[in-house]
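In order of appearance the chains are A, B, C and D, and numbering begins at 1 in each one.
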Amino acid sequence: MANLERTKCELDRGQVESFIQCLLRAKRVFALGAGRSGLVARAFAMRIMHLGLNVYVVGETITPSLQPEDVLVAVSGSGETDLVVGAASIAKRAGAKIAAVTSFPDSRLGRLADVVVVLPGRAKTETISEYVERELAGEHASLAPLGTLFEISAMVFLDGVIAALMHLLKKNEQDLLKRHANVQ
Amino acid sequence: MANLERTKCELDRGQVESFIQCLLRAKRVFALGAGRSGLVARAFAMRIMHLGLNVYVVGETITPSLQPEDVLVAVSGSGETDLVVGAASIAKRAGAKIAAVTSFPDSRLGRLADVVVVLPGRAKTETISEYVERELAGEHASLAPLGTLFEISAMVFLDGVIAALMHLLKKNEQDLLKRHANVQ
Amino acid sequence: MANLERTKCELDRGQVESFIQCLLRAKRVFALGAGRSGLVARAFAMRIMHLGLNVYVVGETITPSLQPEDVLVAVSGSGETDLVVGAASIAKRAGAKIAAVTSFPDSRLGRLADVVVVLPGRAKTETISEYVERELAGEHASLAPLGTLFEISAMVFLDGVIAALMHLLKKNEQDLLKRHANVQ
Amino acid sequence: MANLERTKCELDRGQVESFIQCLLRAKRVFALGAGRSGLVARAFAMRIMHLGLNVYVVGETITPSLQPEDVLVAVSGSGETDLVVGAASIAKRAGAKIAAVTSFPDSRLGRLADVVVVLPGRAKTETISEYVERELAGEHASLAPLGTLFEISAMVFLDGVIAALMHLLKKNEQDLLKRHANVQ
């Protein structure tokens, strides 16, 4: 909870507004992440669909090719996950916008991105290589192993974005419920 | 291959035409199946997306609620898989059309469906209960265990439907390639 | 954050201990949930794998049949999702233990379960039917639509369980990193 | 069907035996593929699980890190899909064996692999670049667009491998049914 409090305090309003504008301007939103960050990206995509926007998850069955009017929302704590960086590079070359959610704006993902929202992960002052070193050395506080803090912050942040979009698009919960899957 | 030959011979042209018309008339196509039949349903959904039609896979992240103008393509050899029958019942109540691909037109799925395409599975003359009994007794020819023959027939049949849709919609391979995922 | 604070205060220690014991005694853990709760269940399953326990996600490709020594961890805010209740019933009949994470201990899922951990969702005092009614009426606070509060609480709670298991099994982050997927 | 007939005729017995030995010697099997080839890889993985071998699908929730005693079964018609080649490279560096199913033994995937099974795709005589060119030019026979012929051949071939493994491991259909998911 202390980490979430920190996330709230340190969140850059300008970044958040750019992120939301990027979503609203896009023709379609594509969500991307590996591992648990990928599950957080999907939880976000599900709500984006409930809002009635066009959205896809990279790697799922019916995901079409990214086009220049699309935005790729890429979630990666380190910003260095090969799968995510590789996909973001291809999306960039295809002309799509990249909106990154990461702890490291100077990571490969961060540098590729048009918009970056920085969320504190383990320790906001450490560099990527320190982070990776510490991870390899197993020195992280055991109470929240690996990317846990980032993943929870990302889920809470992205749910906040949904709340903002509901307000901006004048949608209420009933509107969302209409699109909520009835067959699962 | 003998089984595929049999599938080709026994396929009912009227059923196939109704199936294709059902797809063309629908606002959106939803694909459904459990286990390996579910993978076949997804392989079909991917090509439907390549064709530019609106399609979703039941159970994936961004699948919205089924509406009356939609069609649910349900793939199940026995037509008795609980997951599939349950989902088809809900879809039916929601007013959607059901197009079933099964070996057993008299199964629960078959009876729910608006359109049924019958594909031979193990033995076209056996009843569902004989089929289930034989399965439990492990008496099936070991060369194609469980639903293997049905699953392969279903994949080949549904790829034939794609070919027919390409022709009817005047799409060529290049059109499909444009939508083929560029980021995976 | 107020909701997470409430979750922390109201969490029943006895329930949490039973939940953890249930996981430790099981031969294999199966994770289950629909929609966003399903994504939370998967995020939990991934960490259980990192810990070196045997774990599967219901509905994924290589998930085997549930056996009597297994435990099914079912995540559902309302405890009434058909897919989850249906699967839990089958697991129960197969002799497996059911450990439920829900806001409603008196729901169908709650009543099926051997162990229930209650997490506050929208309003801990409302009954299931009030909850469903309010949902249908779209009267929920728009800032956290549908099951959002429950899903975040469930993710945070289950990550706490992982921390407890790391301690009990004397695993550190390096142990987890060894099993972390190297190919994604 | 003509294509399946050709597959049957041209299949290299030595390759098939090496492929099967590779599976039997591995501690764990990892299945990999992108798009429809990925669905075929999963259909194979499901049966491998039914046989009682240890198997995972790359990209699914509970897939651990690849180790030197493992084998990666990579399915790719062109053998050039970035996702598959990237993952196979990492697996190779991790010391795992690579067993490729492809139409092009000289592709990047083919060259990485310890064992290759060649299945005819569009035209066995064309080179990869001709194949890609023809794809881009949309000149393929419209009856089986893109990788359809390869995917069906791969599914039938891999189901043949399952039949061979059942025979070698002395498993019958009842053994498989015991592991078949009872909760879906």
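The rule is short, and it goes like this: a residue touches a chain if its C-beta (ideal position, glycine included) is under 8 Å from a C-beta of that chain, and two chains touch if they have at least 3 such contacts.
As the structure is a computational prediction, the values presented were derived from the model and not from experiment.
*Asks:* B-C versus B-D: which has more C-beta pairs touching?
*Replies:* By the number of C-beta pairs in contact, the winner is B-D.
*Asks:* How much rotation, in degrees rounded to the nearest 5, is required to superimpose chain A onto chain B on the basis of Cα coordinates?
*Replies:* 180
*Asks:* From the C-alpha centre of chain C to that of chain D, how far is it in Å?
*Replies:* 35
*Asks:* Where the CA atoms of chain B average out and where those of chain D average out, how many Å apart are those spots?
*Replies:* Once rounded, the distance between the two centres reads 23 Å.
*Asks:* Starting from the mean Cα coordinates of chain B and chain C, work out the distance between those two points in Å.
*Replies:* The computed centroid separation for chain B versus chain C comes out at 32 Å.
*Asks:* Give the residues of chain C touching no fewer than two other chains, as numbers and ranges.
*Replies:* 39, 42, 46, 59, 61, 82-83, 90, 180-181, 184, in rising order.
*Asks:* Classify the inter-chain contact topology: is it line, ring, star, complete, or other?
*Replies:* Topology of touching chains reads as complete, every chain touching all others.
*Asks:* Name, in rising order, each residue of chain B that touches chain A in their complex.
*Replies:* 30-32, 42, 45-46, 48-49, 55-66, 72, 87, 90-91, 94, 178-184
*Asks:* Inside the complex, what are the residues of chain B that reach chain C?
*Replies:* 39, 59, 61, 82-83, 86, 90
*Asks:* Which residues, counting only chain D, touch chain B once they are in their complex?
*Replies:* Spelled out, the residues of chain D in touch with chain B are 1, 4-5, 8, 34-36, 39-40, 42-43, 46-47, 50, 81-83, 135-140, 142-146, 148, 151-152, 155-156, 159, 162-163, 166-167, 172-177, 180-181, 184.
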